[in-house]
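Paired with subunit B in one complex and with subunit C in the other, subunit A is shared by the two complexes that follow.
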Partner chain A sequence: MLFTSLEFVAFIAIVAGAYPLCPVAWRRWYLLAVSYAFYCTWSVRFAGLMLIATAVAFVLAKRIGTATSEGARRQSLAVGVVALLLPLAAFKYLGSVSGFLSDTVGGAPWLSRVTAASFVGAIGISYYTLKLISYVVDVYWERMAPCENFSSLATYVAFFPQILSGPIQRAESFLSQIAQITPVRPRMVTSGLQLMLFGFFKKLVVADRLGVPVDQVFDHPHAFSGLAPVIASYLFALQLYTDFSGITDIAIGTARLFGIESPRNFDSPFYADTIQDFWRRWHMTLTSWLGEYVFTPLRMTLRGWGQAGLIMSLAINMLAIGVWHGPRWTYVMFGMIHAGYLIGSTLTQRRRKKLLQRQPVLSRLHTIVGPLVTFNMVVASFVFFRATTLSDAFYILAQAGGGLLNAAVRIAHGTLHGVMGKGHLAWNAADVLIVCAGLLAMEVVHLLHHRGALSRVTGATPGWVRWSAYFALGFAILIWGEGESKQFIYVRF
Partner chain B sequence: MNDAEIRARLASIFREVFDDESIALFDAMTAKDIEEWDSLNHINLIVAVEGSFKVKFTTKEVTNLANVGEFVALIASKLS
Partner chain C sequence: MSGSDTPVKKPVNALRQAQGDEQKGAVHSGTGSVRAEPVEAWGGVLQQAAKARSARRPRLIAPIPLLLLVLFDVGFNLYFWRIPKLTGRAADYGYQVLLDVHRLEQPKLPGVARVLAFGSSVAGSLDEYQVESLLNATDHSATRVEMHRLLKPGMKPSDYRILFASELEAMHPDLVIVMLNFQDFLNASFERDLKPDVQYVLPPWTTLRDRWAFISTVSGKLDLALASVSNLYRYRRAIRSCVQDHLRFLAKWLRSRSPKRAYGRYPDRYTRQRFGLLMKPETTELEYFVHPEWIQQRGQVRLQFSLGARVFAGRVEIEPGWKAIEVPATAGSARLLEVAADSAWSPRAAGMPDDFRLLGVQLRDGSSENAVDNGLLPLRYPPVDQHEISEFLRLGQTRGEAFVRRWDAELAAPTEFGTRLRAWRDSKLKVRDDRFEPTGEFIELDRLVAEFSRRGISVALVNTPESPLTADYQNGSYYRGYLQFFEQLARTYPRVRFYNLLNSLPAEEFNDIVHANYVGGIKLGPIYADIVRDALRR
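On to the complex of A and B.
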């Protein structure tokens, strides 16, 4: 069941509408039942796998909690992490590895077909595996006690608003909310509905419209030259952001209808003035997860190696971010590019800061140039994220570079003729206008949220203005929403 | 070394690591209070504290620190 489908709207209307009628003592079970019902609309078989993975984590976390020796605790942790990673490896990566082996050294092509087909059914496995691993590790690190109630842990893992693409909430944050379920405050329901509406707008009006020229260029890169690859590269960065932050808003908003607060996943990432700042603002729950459970243990282990330890920890962490998206060389490249960015940025951080402190003019300039440079670095890396193959990505970047140079030369000679190159982007003036207006509306809301002023501004706004804005968003979705909405990009991870 | 001395030396390490002379520590201070205090700089801070106080921390201790007050208490427990 897609978040953008009418079935989902009907599902939410029924399950959220019936929620207040459910006795408070039964609400945890209610959330568990509707979460598994939602998951079963994707796959009944893989609902069983999710239940087994939850049981494994529940039992092993209990063993860690009751073990008397450090050796036994560590053994349960190791068994838990390996057992939880195995299904993810089997369904997400084994197909590609066996396909690669059968292509190169011969083998069993059926295995790659079976595992690749299975991954389509194992929806959400990349997200709930991380949730379960962090739960077991948190118990091992004594950050929290093992969960006493299996149904609570199962609800945490399967919670349907977060199952398709996060945000990746930590166990303690979710379990503490579910342990004290109270009647949902009307204000929370209202803010949830507002956020859902905003998410649908981002996805259906902006992201899907941006996706049209992006798909054209990235699916057939050799049919385009000139400025088209440049435009498509920038549009994809905006598409990815609006698509992913759109589904996140729908997820956080839906969770609020049941009284559950979820963590933030984005904080105006394209205004980041350094690449480190970008990763503090982009896909925040994945970045902080990897920061705590991969980077920190690695960096602590390698801290005696000096700068080499730092470089290696960053490289492995960013490779993990790339590979988490899937077994493709383009994702590996995406991770390695960001590893390079981060290593360069980290090693020069102190010198850059001192230079900016000494030169006030440069410092003022940096407030504009910093975000621009960072945004362009991110756009270039996203070409690898979106391209089908590495050679497509290199071709698009080469064409983009040539296209920019060609445009500069032609403009210097006072002509725009031939600037766009070959190929025609399927976009008209109305599309450009709708996307620009949509992005402007979005960014006003995001900036108010970033500065912590959103609730103050909406609170001070007269009711008729707020309701006019909601109706405008609703009408925009009905009139300009792409008819055949595409799947959210991050659901396939 | 008493808590006040630990606090004073820790404050100078914070200022050195984050390259900011205006940092003033308080017990409830967390990573949210210093913009550049992310997982990367957290370990730089740990390495600097280990070197200055001649102590060693485990990953569990490092990840479980909730605020500066707990950091001071952890250093004090290592020194005693």
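On to the complex of A and C.
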């Protein structure tokens, strides 16, 4: 059941409408039941897998909590982490490995069966695996006590608004809310509905429309040259952001209908002035998870190595981010590029800081140039994220470089003829206008929120203006929403 | 990197409780966090707590916006269909069909026979304005005819049966012309998911009931259910087209603040369907020639003359020859005289094979100062005349051997069009020698014809022309069975006639295998008029 399908809207209307009628004491069970019902619309088989993974984490966390020796605690932790990572490896990565073997060594029938069966239906496995690992590790680190109630843990893992693409909420944060379920306040429902509407707008009106030329270029890169690859690369960055933040808004908004607050996942990432800042604002729940459970332990382990230890920790952390998206060389490359960015940035950080302190002009300039440079670096790395193969990515980047050079030369000669190169992007003036208006509306809301002024503004706005805005968004979705909506990009991870 | 910042129950949360959920009411981009506002003094806490209490008091819900939305939705049919469609008939066929259906549901004038032609894209060879004009001009003794056409590419008899199941009652046709083509029956099974493009024009509730078993997804069923209760949802695509067209028109209008100029006249003194002349102040008369072929092709010609925004004369010409009209004198220098005809004529369709233009009248020398055709017509609201013909020739302006060479090149080309052409040709050749079995769409057509017959509506089944360049399959048993099926229908039901126009056009009057180009369409006009006359007489 896609978040953008009418099925989902009907599902939400029924389950959220019935939620207040459910006795408070039963609500945890209610959420568990609807979460599993939602997951079963994708795959019943893999719902069983999720249940087993939850049971394993529950038992091992209990053992960690009750173990008397450090050895036994550590043993349970190791077993837990390995046991939880195994299904992820099997269903997410085995398919690619077997596909690779099948292609290179030759086609044993079982290999192709494994290739075909892998990951199909194991939706959300990357997300709930991280949730469960963090839960077990948190218990081991004594940040929280083991959960006493299996249904609470199962609800945390399967909570349907978050299962498809996060945000990756920590166990303590979720369980504390589920332990004290109270009647949902109307304000929370209103804000949830507002957020859902905004998310649908981002996805259906902006992201899917941006996806049309992006798919054209990235699916057939050799059919394009000139400025088309440049435009497609920038549009993909915007598409990925609107798509992912759209699904996150829908997820957070849906969770609010049940009185659950979820963590934020984005904080205007394209305004980041350094690459470190970008990762503090982009997919925040994943980066914070990796920061806490991968980077920090690594840094502690390798602290004796000095700078080399830092470089190693950063490289492994960013590689993990890349590989988490899937077993493809393009994701590995994406992670490595960002590792390179971060290492370079970290190693030069002090000198740059000093320079900016000494030169106030440069410091002022940095506030403008910094975000621009960072954004362009991110756009270049996203080419690897979106391209089907590494050679496609290199081709697109080469064409983009050549296209920009060609455009500069032609413009210098006073002509625009031939600037676009070969290939025609399937976009018209109406699409450009709609996307620009959509992005503008989005950024106004994001900016207000970033400055903490959104609640003041919405609170002070007369009802008729608010309702006009809701209607405008609703009509935009109805009329300009792409009819055949595409799957959210991050659902496939 | 910040971790989860969702508040866990902490002392500060007691304060948050007191604050109510003011901050949570905000739209946050991808955020679930709650911003804890610093409270500076206990006074502030108390004040906020009081505010929160008052916020919790039950308030009257004012559902005015929702009522307005309901009103907007329920009253949709009262306002939407009055808004003109600004693009030609070929732009958004679905929107055009919806408009045509709405027009068909208006009451019929007394003494007028209503004729409805419908079909897939092949129905494009019938220009309802041309046929209506021919019928009403030449047959003065007979009843007047009101022609309508419903055209939707890919729409098959099963789809039309659903449309008519709920709309026919209000349409009151006296004669229906079913435009058929072999291509529409090649996949003779309606047991398929509805094409979104076709679903868009069908009545949703009837579609849902009729196709329930074949709609594979819950979302597909919900979509139809929702469309059957909300006009805004049902007609969302038409609204989109309408809004986009108007925005585009607005943009053009904002850019077109140019001074008035002459337009629409060719160097050989022929004009386009619409033209404008800068008249000298002393000129008081306009002379123009109505070509005999124009009358032959259209039966009659309506001309409208205006100066500035003021229409000063209207003429209906039923005889060819030179005509004159007096132009009122006005003060000032040169005046722009604008003339609009309700149709144009094609020299090529009249046997002048190298002239592909669509023409209006011919002018005498010296009747204007500086009029030459520059291809640009001034903006008019609504800007597109529904009677205008789209001058589209997919295979260019070639003829004879050159046309055949071009055709072969298109057929072999690795383009989307070439691929489609080859698929059509191959699918026809594939069934060439199969035994004909009337299944799927054939059964649906039978049901449709039976329903028309039951209601006492005359039916003309017309097998539309096909290009002679791909006629190999026509001698096979399947195609013979296909034709016999329609003949059988005509024998089975009263008031049903079958007309086979298969070989009515030469290859160069087609845009592809089955779709006549505009010249072919003009040539077919008199044939269709004869069919209507014949069917009405019976």
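Note that the second predicted complex is superposed on the first by the 481 of 493 C-alpha atoms of A that agree within 3 Å, B and C clash if a C-alpha of one lies under 4 Å from a C-alpha of the other, contacts with A are read in each partner's own complex, and residues count from 1 in each chain.
Definition applied: contacts are C-beta pairs under 8 Å (C-beta built on N, C-alpha and C of every residue); 3 or more make two chains touch, one makes a residue touch a chain.
Remember, it's a predicted structure, so these values are computed and weren't measured experimentally.
Peer 1: Following the overlay on subunit A, give me a clash-or-fit verdict for subunit B and subunit C.
Peer 2: The answer is fit.
Peer 1: Where does A:430 make contact in the superposed view: on subunit B (first), on subunit C (second), on both, or on neither?
Peer 2: It touches subunit C, and subunit B stays clear.
Peer 1: For A:446, decide between first (touching subunit B), second (touching subunit C), both and neither.
Peer 2: second
Peer 1: Classify the contacts of A:350 with the two partner chains as first (subunit B alone), second (subunit C alone), both, or neither.
Peer 2: first
Peer 1: Could you tell me if A:292 is touching subunit B, subunit C, both of them or neither one (first, second, both, neither)?
Peer 2: In the superposed model, A:292 contacts both subunit B and subunit C.
Peer 1: So, does A:222 touch the first partner subunit B, the second partner subunit C, both, or neither?
Peer 2: neither
Peer 1: Would you check which partner chain A:467 touches, where first means subunit B only, second means subunit C only, and both and neither mean what they say?
Peer 2: second
Peer 1: Is it subunit B or subunit C that touches the larger share of residues in subunit A?
Peer 2: C
Peer 1: With the two complexes superposed on chain A, say which partner A:422 touches: subunit B (first), subunit C (second), both, or neither.
Peer 2: Once the two structures are laid over each other on A, A:422 reaches no partner at all.
Peer 1: Tell me which partner A:173 touches in the superposition: subunit B (first), subunit C (second), both or neither.
Peer 2: In the superposition, A:173 contacts subunit C only.
Peer 1: I'd like to know which partner A:74 touches here: subunit B for first, subunit C for second, both or neither.
Peer 2: In the superposition, A:74 contacts neither subunit B nor subunit C.
Peer 1: Rounded to the nearest angstrom, what is the minimum C-alpha distance from subunit B to subunit C in the superposition?
Peer 2: Between subunit B and subunit C, the minimum C-alpha distance equals 5 Å.
Peer 1: Going by the contact definition given at the top, which residues of subunit A touch subunit B in one complex and subunit C in the other?
Peer 2: In subunit A, residues 280, 288, 291-292 are touched by subunit B and also by subunit C.
Peer 1: Under the stated contact criterion, what part of subunit A meets subunit C in this complex?
Peer 2: Contacts found on subunit A: 5-7, 9-10, 167, 169-170, 172-174, 176-177, 180, 185, 187-188, 190-191, 194-195, 198, 245, 248-249, 252, 255-256, 261-268, 279-280, 284-285, 287-288, 291-292, 429-430, 433, 442, 445-446, 449, 452, 454-455, 458-459, 463-464, 467, 470-471, 478-480, 483-484.
Peer 1: What does subunit C use to touch subunit A in their complex?
Peer 2: Touch residues, subunit C against subunit A: 1-9, 20-35, 55, 62, 65, 69, 196, 217-219, 222-223, 226, 232-233, 236-237, 239-240, 243-244, 247-248, 251.
Peer 1: In the complex, go through subunit B and note every residue touching subunit A.
Peer 2: 19, 36, 38-40, 42-43, 46-47, 50, 57-60, 62-64
Peer 1: Which residues of subunit A touch subunit B in their complex?
Peer 2: Per the stated touch rule, the residues are 140-143, 276, 280, 288, 291-292, 295-297, 299-301, 303, 314, 346, 350, 353-354.
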